[in-house]
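Listed below are the structures to be examined.
Two complexes, one shared chain (chain A), two partners (chain B, chain C).
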Partner chain A sequence: MTTTIAPSTAMTPASPEPAAELAPRKRRFKRPPIGYAFAVVFLVTLTLMAFLADYLPFIPYPDAKILGPDGKVGRYDWGPSWTAWFGTDGVSNDVFSKTIYGARTSLQVGVFATVLGIVVGGALGVIAGYFRGMVDRVVMIITDCLLALPALLLAIILVNRLDDYRLDTAWLGWLSRKWQIVLTLGILAIAPLARIVRAQTLSLREREFVLAARSIGAKPGRVMLREILPNLIPVILTVAFTGLSILIAAEGALAFLGLGVEVGTPTWGKLIDENRNKIDESWWATIFPCMMLFLTVLSFNLIGERLSRRFDIRQAGV
Partner chain B sequence: MSTQIQATSRDIDGPLLELKDVTTHFKTERGLVRAVDGVSFTLERGKALGIVGESGSGKTILSRSIMGLLPPRGTIRGGSIKFEGREIGNLDRKAMRSVWGKEMAMIFQDPMTSLNPVMKIGKQIAEPLQIHLGMTKQNAWATAERLMQDVRIPEAKRRLEQYPHEMSGGMRQRVMIAIALACGPTALFADEPTTALDVTVQAQILDLLGEQRKDRNMSLVLVTHDLGVVAGHTDEIAVMYGGKLVEKASTRGLFANMKMPYTEALLLSIPKLEDRSHTRLNAIAGRPPDLVNPPKGCRFSPRCPYAVDKCRDEEPPLIATAEDPNHLYACWYPVGSEAYHEAKVRIAASKDAMSAVAVAGGN
Partner chain C sequence: MRYFLQKLSQFAIVFFIVTFGVMVLMRLGLNAPGDPARTLLGGTADQELIASTTAKYRLDSNYFTQYFFWLKGMVTGDMGFSVPNSLPVAQLIKGRVMTTVLLGVYAIVWGIIIAVPFAVRQAYKRDSAFDKIGSGLSFAFVSAPAIVLAPILTLILIKENTITLWWPLNDYQVTFGGWFPRIGNKVYPWQDLGEHFRNFFVPTLVLTLPIAAVFSRLLRGDMVQTLQADFVTLASAKGVSPRRVLWVHALRNSLFSLLTSVGLQIGGIVGGAIVAETFFDLDGMGTMLVVAILSKDLFTVQSAAAILVASVVVVNLTVDLLYAVLDPRIRHARALA
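Presenting the complex of A and B:
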């Protein structure tokens, strides 16, 4: 503010003005919108609880049997109560505990699948958008094919096939059910991400700063990594949050269809699937995992939406 | 004062840049666009050349053709471009990369879009130094700071840590110049470097370019539509119209003795300070020529007030004036010739008649 450009007619070299420090910017605290605030608080709490569940005293182990009011182990003994906050399920386990432990798996699957989708889809998108021509055609044909297949069908087939492969192939031992689902969902996430990233790259590569970088001799790899990629981060981040919510719900759907993770590891989808027959009498065992899934998806969407709005403003300002 | 990081210049006598019959055509759905059509000129070391013309005259495409920065698809290039005696017109991108930055660099029109918005200024200047000249990070940043001082940015050190959006347009253009100068190019192309800036900042940027050119003994190609911009800052001026070179002379010679009616029209279209207020601006009537089907004969003939039948039928060759062999022009009836004066009298007469009619109509 206090700095002035020395008129270049004056031949003095630019003086390093010492007393030109900007006044500390006043930080006006603006209350974030209630939905966004809730989403952040909810997700942070859920994530912390899920990963610290083993150490939190109020969360019993998911396979611990909760004795019923009559002192015996029964089916759906407790409704929501002090003993079991979300009630107990058909095998006398605490639903709250199972929901929290389920969050661990569900979030992991969602995050890893999204990361896989971003890495592969993003790379494909940037390369296709930057080089165009034949490379672009090939990538677009692949993504179009992926998008044309019914997602659920592809997922079912993939998970089943991968299971067979794992049993036949020695080095695929690590590919447990969880990672199979991550892989499947990740593959499904590639195509939409590649398309969005490609579209953005197409517009970014025509921007003048890309030409400017090339005019001083930057190689394509550098242009893509240093000039284009940083400009893509807002878009990728926004899509990632929205995609994450879709993938978490998709994991639930797969589990509901019986393509869940290993026996003994609870996920929301599995909880819903196991208890849905008793929804009339023992609603808590189904409704609470449903609520958790719903709130998580909603939170990710709210954050994604806010990010997209925020970055739009930023881009308009640049 | 300024740091000399000039690439070791090769010991070659003769011009720095030599263009012979350079053509750049684009394939489009409408047909072949002859954006640059047979341009030849030479540029000496350390000299400044202004390329002037209106939008669509091919001046930007010409400068990008020389730089080799055009998209390869749909572009047909011809002719010969020699840089320091080496043919560069047919080099591919890979080979051009050694030329870009170190031999030739370019400044673009809009400093608002030609800097990467998400990278710190210092990094944008320092990275090419690290890559092209193999400097260490510390060295590159120190050099970046010196470059920032060279382009007269106060508080260079603090500015290096900032992002482009924290700077004004003039500042950003200075940063662009610093980036272009970083690897010590022997030729600098400035594509309308001041068009997006305020008039007051324009002068500063042009002075800065001129000063850096002298300091570094660098050739400068200044592309602009504004004759006023090139007047004080170039040694030579080339006027382009419809993809062709129509006049080229030393700056002094051109303003003293312009031959091409188009150059005259460009000069007349600059508003004059001593004009009374509400004086109508002199615009060049008509539109730039369609480069898919350029007009027959002289390309300026449809808009030229002095055009006669010969202009519309035969294309005038680029010839030198009687007084100065370096003053080239392409016109059958150049400014100052007898036919020109006759045409001028004719136009004046018809204008009088027109205004007489207008006055009569007004009563």
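Presenting the complex of A and C:
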């Protein structure tokens, strides 16, 4: 909710010997960032594999039938094995390939939605924080309203409605299910981003460099774009990574509830939904997509956490 | 008092805008094949029923009038009629609301019960192995949404697993799981406590673990800072036992982020409840809402949304009250205002 530069540096007790302050500051021993390294490697690998999946020899097409041990097409024939790394699912497709293709959808949706949220939410936040007064009041009411309804509920309503509009409205023909979800999740991302950016802007606008810019006659637009915005980049970047993890989880939940992308495109949520009733006999078809989703969310969170340590940002409300 | 009126009016504005927005969104969907009442009632309704429904809910007037009449009905206890369920909405919600409320309350209460001792000990033994493992675990659970936890917990707790052990213990088998039913029945605690526990345990766990993780991370962070404050040193110096310092002096001053986050978590809990109820086929508000939205059940969605927003408001106001209980400074400042 409130984001402030954490006073942690001020609160930590001063170093015991004053002499230590004078000596050139030594780098203290730092734990090797295993989590962070894992997150980066995992995400880069996943992204590369997801977008190059068509050209990689070890990833079959998601709709390719994998033959069972008896040489025929069967259901749930393989557990994890060399033939199908994550086993096969109910329509004897390779689960590994489906999770990789699912990553493509999830990552695209997450990134586009986050970008949308950053552009709109960031703009609202900067404007509200800079002008204050009535503008601020209105923006705050908008974000309050967006936050008052549970996010997933709002997402379900919006996706469902957008789908109807597309059928009724000719010029919305381009708005396929994927873009509906992007739009919806983007709208959900607006409110938290606007709040955090606003809080930061409120403190930045009192700083000397803003005063200096204004005193030489810079217009508000210039002050916001050239003076305040560059200083907001660390915050926005940090929140973006945390937000990305939330949005990807939300996309999974939407797909699980039957509001995923078009039939034929595999996503993690859909895989979980399709195979969950078979969890007794063939756990692999449900658990591997789950683990993929979990590791992706975890990785984005780890990166967000590291950035927030690096830039010293507290984000309680996201 | 003024503070509360201010808050309350703010919440009232949000309430009206959100419920009106939901109504317009849902209502626009009803316009599609022409007559809203016909869409609402389904294909086989006769002309008379359509006319009377249109008249009753003012479906032919503008949205503001409709909203006003819906709100009037809401206040007088008439929430409208849910056609797909052929039940009055009030009755429909009455049958479902307890499940979700129980899930939510369990999640928050157990979240706090799990989180507080862990966080306090973590903060006290900062950077110890316990702290590191605890932080790692809570970080992992923060990143585990309901949709991930539900299948994994099903695999571990609900499915009956038999695992043959590896080399030195070749002929031994371990059997676990199968403790809980796959499909949650709505058994209320006042009906049969044991069955209630069995049916609600896994869905509750799905909601609790991430919340407990969020709580413990927040509390640990605050607690670490509080423990460096002067009054803690003073308390220790004058001979207060470490336990009392920790659990009374420091904890009380570290609870604010946690409390704020309880208010913010409501949305997340409802989201998680939607997923968990769907996964475990538990008949609650979550499943009801999803079905209602997909079948364009205007009055159900509208009423349930109103209830949800109102409950968010109530929780936030309660949190505000609790601030005052925890911190006398706030209490006195508000008394003066």
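Following the convention adopted for this analysis, the second predicted complex is superposed on the first by the 280 of 318 C-alpha atoms of A that agree within 3 Å, B and C clash if a C-alpha of one lies under 4 Å from a C-alpha of the other, contacts with A are read in each partner's own complex, and residues count from 1 in each chain.
Just so we're on the same page, contacts are C-beta pairs under 8 Å (C-beta built on N, C-alpha and C of every residue); 3 or more make two chains touch, one makes a residue touch a chain.
Worth saying up front: this structure is predicted, and the values here are computed from it rather than measured.
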item	value
If touched residues of chain A are counted for chain B and for chain C, the larger one	C
Chain B versus chain C as contact partner of A:Ile141, first or second or both or neither	second
First, second, both or neither for A:Arg161, with chain B first and chain C second	second
Touched partner set for A:Ile272, first chain B, second chain C, both or neither	second
Which of chain B and chain C A:Leu247 touches, first, second, both or neither	neither
First, second, both or neither for A:Leu46, with chain B first and chain C second	neither
Chain A residues contacted in one complex by chain B, in the other by chain C	8, 13, 317
Chain B to chain A touching residues, read off their complex	1, 67, 69, 73, 97-102, 105-106, 108-110, 113-119, 127-128, 131-132, 148-149, 152-157, 164-165, 170-171, 176, 179-180, 182-183, 204, 207-208, 211
Chain C-touching residues of chain A, taken from the complex the two chains share	1, 8, 11-13, 35, 141, 144-145, 147-153, 156-158, 160-161, 164-165, 167-168, 245, 249-250, 252-253, 256-258, 269, 272, 276, 279-280, 283, 286-287, 290-291, 293-294, 297-298, 301-302, 305, 316-317
Interface residues, chain C side, partner chain A - complex	10, 13-15, 17-18, 21-22, 25-26, 28-29, 32, 139-140, 142-148, 151-152, 154-155, 159, 218, 225, 228, 257, 260-261, 264, 266-271, 274-275, 278-279, 289-290, 293-294, 301, 305, 308-309, 312-313
Chain B contact footprint on chain A (complex, rising order)	3-9, 13-17, 20, 133, 207-209, 211-219, 222, 226-227, 230-231, 233, 317-318
